[in-house]
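What follows are several structures.
Each of the next two complexes has chain A plus one other chain: chain B in the first, chain C in the second.
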Partner chain A sequence: MALKLPERPEWTDVVPVPQYENIQPLAPIFYSPEYKDATDYFRGIVKTGEKSPRVLELTETIIRLNPAHYSAWQYRYETLITISASLELELVLTNALTKASPKTYQVWHHRRLLQTALCDPVPELAFNEEVLKADAKNYHTWSHRQWLLVHFDQAELWAGELSFVERLLAEDVRNNSAWHHRFFISFETGNTTRTRDDADEAVRRELAFAKERIALAPNNASAWNYLRGAAFAELYVVDAVEVGTDDVLDLENPAPSEGAELPCAAAIEFMADVHEARGKEGLSEAVKYWRSLAHTHDTIRKSYWEFRIRDAVANAGAT
Partner chain B sequence: MDDLRLPTFNSAGHVAHCVRCLDGLPASLVEMDASRMAIAFYCLGTLDLTGSAEHRISPTDRESWKEWIWDQYVEGGFLPGPFVRGGSSGLHTAQQPSRVAAPHLIMTYCALLALAVLRDDYSLLDRAALARTVGGCQDPDGGFATNPGAGDADLRMTYCAFAICALLADWSCIDLPRALSYIQRCRTYEGGYGQTPQGESLGGPTYCALAALYLARLQPAEWRATVRWLVHTQAQAGGGLAGRTNKLADACYGFWCSAALAILGAVDLLDARALCGFLAQCQYKFGGISKAPGENPDPYHTYLSIAAATIVSADPAWGLQPLDPLLNASHDTVRWAKERVSVAPREPKR
Partner chain C sequence: MSDTLLIDLHVQYIRNLGNNKDDLSYHMTAHRLINGVYWGLTALCIMKHKEALDAQETIEYVMSCWDDEAGAFGPHPRHDAHILSTLSAIQILATHDALARLNATRVVDFVLNLQQPSGVFAGDAFGETDTRFLYCAVSALSLLGALDRLDRERTVSYLASCRNFDGGFGRVAGAESHAAQVWVCTAALAILDRLDVVDVPTLGWWLAERQLPNGGLNGRPEKLEDVCYSHWVLSSMAILNKLTWIDSSALTRFILSAQDPEGGGIADRPGDMADIFHTCFGVAGLSLLGYPGLDDLDPVYCMPASLIERMGLKTGWKALPRREG
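And then the complex of A and B:
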C-alpha cells in the first residue's frame, strides 16, 4: 500500500484498535510503522466482523510483512469464502507468497484449504515440484506433496511419482527427503490404487534400486536406511513377501564405484546385523564387526557399538 | 581425549542475551509476533536452567511479567501475545475466546511452564476450561490442531496436549487410543517419527512422540530402530546432531535427539563430549547460542543448546540445573507446575 491507511479515504470509517501491551510486556517487538498501522486496522476489522474485498487487501499487506500471522490468514480465508471470491485467483497470489516464504507453516496450510475447495491436484503437484527445485529438502513442501497424494488418492497422481523421485535422486543421491518419498510411494498404505502384486513387486524392485545406488555412493546413510526399510517392508505391506535374502546380502553385486571411500561403516553395520539375526552361530562374527566400528571405522558411536555387543550377547543368552 | 578441556561456557552471556530479548526484539523479527509466548518460554527457561531465575529477575519484573502472561489468557488457554487483541487487558475484561483469538495449544504449554519459572500460583487458571480446550483441539483421526478445528495437526501439538494432561493429572479430556494411533502412524522406516503421518523422520517430532508416550506412562513397542536412528544423527566430524539423515548438524537437534534418547534411557550412547564441543562452538561471542558455528544467536537455539548440555551432563563447571526431559524444564520448575496446575482451583484472587 502506497499510502498509510489513515490517509486513505476508503478506510476512514474503520476505527483502528491499537495493541494493548501492558506496562512491561515480555519480548515486545519494535514494529515497523507499516505493520503497526495494518494490524491496528485489522483489529478494528475483526472487532466489527467485516468480511469484504478490502479485508483481502488488508490481510495481504499483513501477510507480506509477517507470513506467520496465522490470524490474518485465518480471517482472510473466512473472508474469501463469505464473499465468494475467486479461489483460482487466490491460488495465483498464494503461489507468489509460497515462493517468498516457503518455510512458513501458514502458507502451506492456506494451500491445503484452497486445494480442498478447488480439487485441482494435478497443477498443484507441478507447482510443488517447482518449489522443490529451489529447495529439494523443504519439509513443508514434501509434507504438502504427501498430503495431496493421500487426500486425492488418484491413480493419475501416483503414476508419475516414481519417475519424479528418480529425477531428484539423480540430482542428489543423498537427498533423504527424496528417499523417504520413494519409500512412501512404494510401501505406505496411502495409495489404495495399488494391488497386492504391485506390493510384492515393489519389494524386489526397491531392494535392487537401493543396492544400485549404494554401489554408486557407498557412504550414503539414506540409501542404507532405505535398504533396511525395504528389506523389512513386511512391516508396512499387508502380507510378508519372501525376499531372497542371499540376493540382498550379496553386497559385492553390484560392485562399489571406483573412488568410493572404503571400507564403509554402514556396510559393516549391515553385515553385523545380518549375522546377529542368525542367532548364536552368527554372534561372534557380528561382535567382530561391531568392534571394528567402535575402535576404527565409526568411533564417535563407540558407546553405541559396545551397547550393541552387550545387547546381542544378552539376547543370545536368553534364547 | 578425556583430558581435553571443553571450551568455556559463557553462561552470563547467554542469560544477558535472553534478558535483552525479553526487553525487546527488533522489527526484523516481526515473524515472532505470532509466537512471542514461545520466545518468553525459551528466555525464561534459559534463566531457569542456568540457575539465574532467582537473582536475575527482580520482584517487580516477576510480577509484571506474570501479569503480561495472564493478559494473554483467554478462557481455556493462552494466546501467543496481544497481536490480535486490542483494547485493554484480557485479565481485566475477562475475554472470551473467539475464532481469531482462540487459545493456541503450543502457546498454552509455553505459558504454563513460563509461569512455573516465575513461580506463579495459577490461581487464575480455569482447569476445566483448559481441559476442554485440549480435548477440543483433537481431530477425529487422533491428531491435535493448534486450536479447535484449525486443521493443522502435527506431533508438536500432540506433545503439548499430553504435557498439559500430565500437568493437570487428567487424561479424561482426550481420546488416548486415537492419539496413540496417530503417533504410531507418524513412525517411519528409518526408526524416527515424522511431523505428520507419512512424514520423513525428523528430530523434533521424534522427541515429541516419545515424550508424549512416556508422559502417558507408555512405551513404544519397538525402540531399537529408534535408538539406532537417533545415535546416527551424531556427526563423526564436529560431534553435533542433525535433525534428518544426511543433513548438517544444528544445535537445536542437540536437544531434540539427545532428549529423545534420554527418555529411552540411552543418552549415554552418544558421544557427550563431542556434542558439548559442538554446542560450545555455536556460542556467539557476545552471548547467546546459534544453530551452527558462526551464525547469529536466538533464544530458541540458546535454550535448547543449554537443555542439551544438561541432558548429556556437560562439564559441572558449566553450572547447569538438571532437566526433566519429558516436560522440558528444570526439575524444580516441573515440580512447581505439577503440584499447582493439578490442584483444584481456589477462589480467584480478584
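And then the complex of A and C:
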C-alpha cells in the first residue's frame, strides 16, 4: 500500500477503533504505524460487520504483518464465504503465506477450511510434500497431511503414501515424523478402504522394513520404537514371548551394515526385553544387559536401568 | 556461564518487560500478552518474589481483557476471546485470590461450548482443534469448581484416541507424539483421575529418552534440546511418578547454562536470547528437580503447589525432594 490507510479516500467512511482508548495497559505494545492503522481499521469494520472485497485487502495486510492474528484469519474466511470470493484464488495466496510462515497454526487451519470447501486433495498433498522439503519435521505439515488422508479417505490417496514416506526416510532415516506417518498409514483405522488381509500383510511388511533400517543405522530411536509398535499393533495380536524367540522377529537377519555404530544401546535394551520376557530363566541375562547400559552404554539413564533391574528381580521373586 | 540460579536478575528481567518500549519480542506481542503475564507471574511465584509485579495492576489488566460478547478473555484488551487466554486469566486471578472478579457462569459456558462431537476442544470460533485446548478447558473448569459440568466420557475417550504406539500423545488423534502434547494430555487425565489411560511404563521410558548427552531435553526423537521441555517433559514425569528416571544434575546444569548472566531471563538453549516463556519453564523445571530456594510447583496446573493444595485440587504427582541451598 503506497498511501497510509487514513490518507486513502476509499477508506474515509470507516471509523477506526484504537487499541488503547480509556485503558491503562500493564505492558503496552508499541506497533509499527502500518500495523497499528490496519488493526485500528480492522476493529472499525468488525464493529459495523462489513464483509466486502476491501476487507480481504485489509485482512491480508494484517496477516502478512502478523500471521498469528487469529481474529483476522477468522473474519477473512467469513468474508470470503459471504461475498462468494474465489476460494481457488485464495488457495494460491494461502500457499504463499504457508511457505512464508509454515510454523503458524492459523495458516494451516485456514488451509483446512479451504480444503473442506474445495475438496481438491491431490494437489494439496503435492503442496504438502513441497513444504516438507523445506522442513521435513514440521509438525503442522504432517498433522495436516494426516487430516487430509482421513477426511477424504480415498484409496488412491492412501495408496501413494508408502512410497512417499520411503522417499523421506531415504533422505533422513532418523526423521521421527516420517516414521510416525508410516505407522499411521500402515495401521490407522481411519483408512476404511483397507481389508483384513491388507492389515496382516502390513505387520509382516513393517517388521521387515524396520529391521532393514535398523541394520543400516542401528542408533535410531525412532526405528526401534517403530519395531516395538509394529510388533504389538492392535490389529494383529502377537504374543510378547514369541516376538523375542520366534522367526517372525529373527534377530540375526539382517545383520548390521559395515558403517553401523556398534554397540547400540537400543539393541542392548531390546535383547534385555527379550530375555526378561522369558521369565526366571532369562533374568540373569537381562540384568547383565541392563547393567551394561547403566554403567557403560547409556549412563545418562542409569536410574532407569537400575529401576528395570529392581523391577524384574521383584517380579521374578513374586512368581 | 553460571552454576547458580540468578534469581534477582530474573526478577528484574520480568519486572522490566512492562517497561521496555523497544521490546517487540515474539512472546510479548498482543496475541500472547496475557499468557506472558501468566508466565512471568508463575516464574516470580516459584522464585518467591510474587510481589515484584503489582497485584492490583495485574488484576485490572486481566479484567481489561474481558470480551463481553463472548463471555471470556482475550489475550489483550479489545481482542477476541480464546481458550488459551481464558485459562491464563483464570490462573492469574486464582494466584492473586481474585477469582471472584470474573463471571464464572459465562466463562464456564464459553468453555463448554467449545467442545466438539469427537470430544476435542476448539480454541475459539475459528474452529482450530488441539489437545492443548482440551487441557485448557479441563484445567479452567477444575479451577472454577465446575468440572462436574464436563462430559468426562467424551473427553477421556478423545484423549485415549490420541495415544500413539510409542506411548506418547499428539496434537489431535493420529498426530505424532510430542512432549508438549504429552503434557497437556497427561495433565488433563490427571485432573480427570483417568491416568489409567496412560501406558505408564512405555510413556515414562519415551519421556526419559528425551534427555540428550548435553543434559537437555528434546520434544521428540532426533530434535534439538530446548529449555521449555524442562517443563513439558518433567511435569509429565512428575505426574507419572517417574522423575527419578532422568539425570537431574545434568539437566540442572543445562538449564542454568541457558541463563543470560547480564540481562537476566532464560533462553531456549545456551547462547540464545532470553524470553519470558523459557524463563518460566526453566524455573519450573528447576523447581521440580528440587533446586534449593524455590517454591513447589504443581506440575498438573503449572501453578504454585500450595495454592492448588489450598483449592483442594492436588493430585498424586511426585517431584524430587527440595535440596538445602
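By our rule, the second predicted complex is superposed on the first by the 297 of 319 C-alpha atoms of A that agree within 3 Å, B and C clash if a C-alpha of one lies under 4 Å from a C-alpha of the other, contacts with A are read in each partner's own complex, and residues count from 1 in each chain.
Quick note on the criterion: a contact is a pair of C-beta atoms (placed from the backbone, for glycine too) under 8 Å apart; a residue touches a chain by one contact, two chains touch by 3 or more.
Remember, it's a predicted structure, so these values are computed and weren't measured experimentally.
Visitor: Taking chain A as the common reference, can chain B and chain C both be placed on it without clashing, or not? Answer clash or fit.
Guide: After superposition on chain A, which the two structures share, chain B runs into chain C.
Visitor: So, does A:302 touch the first partner chain B, the second partner chain C, both, or neither?
Guide: both
Visitor: Between chain B and chain C, whom does A:204 touch in the aligned arrangement: first, second, both, or neither?
Guide: neither
Visitor: In the superposed arrangement, which partner chain does A:222 touch: chain B (first), chain C (second), both, or neither?
Guide: In the superposition, A:222 contacts both chain B and chain C.
Visitor: I'd like to know which partner A:54 touches here: chain B for first, chain C for second, both or neither.
Guide: Once the two structures are laid over each other on A, A:54 reaches no partner at all.
Visitor: Touching A:71, do we find chain B (first), chain C (second), both, or neither?
Guide: It touches chain B and chain C both.
Visitor: I'd like to check the shared interface: which positions of chain A are touched by both chain B and chain C across the two complexes?
Guide: Common to the two interfaces on chain A: residues 17, 19-20, 23-27, 29-30, 43, 66, 68-71, 74, 105, 109, 113, 137, 139, 142-143, 146-147, 150, 174-177, 180-181, 183-184, 187-188, 190, 221-222, 225-226, 228-230, 232-233, 300-304, 307.
Visitor: Applying the document's contact rule, which stretches of chain C touch chain A when the two form their complex?
Guide: 17-18, 21-22, 24, 28-33, 36-37, 57-58, 60-61, 64, 76-80, 82, 123-128, 130, 164-166, 170-172, 174-178, 205-206, 208-209, 211, 213, 215, 220-223, 244-247, 250
Visitor: Using the touch definition up top, name the residues of chain A that touch chain B in the complex.
Guide: Going through chain A, the ones touching chain B are 17-32, 35, 39-40, 42-44, 46-47, 65-71, 74-75, 78, 104-105, 109, 112-113, 137, 139, 142-143, 146-147, 150, 174-177, 179-181, 183-184, 187-188, 190, 220-222, 225-226, 228-230, 232-233, 235-236, 298-304, 307, 311.
Visitor: So in the complex, which bits of chain B are touching chain A?
Guide: 21-22, 24-27, 29-36, 39-40, 43, 61, 64-65, 67-69, 71, 81-89, 99-101, 146, 150-152, 188-190, 194-196, 198-202, 224, 227-229, 231-232, 234-236, 239, 244-247, 266, 268-271, 274
Visitor: Can you list the chain A residues touching chain C in their complex?
Guide: Per the touch definition, chain A meets chain C at residues 17, 19-20, 23-27, 29-30, 43, 66, 68-71, 73-74, 77, 105-106, 109, 113, 137, 139, 142-143, 146-147, 150, 174-177, 180-181, 183-184, 187-188, 190, 221-222, 225-226, 228-230, 232-233, 300-304, 307.
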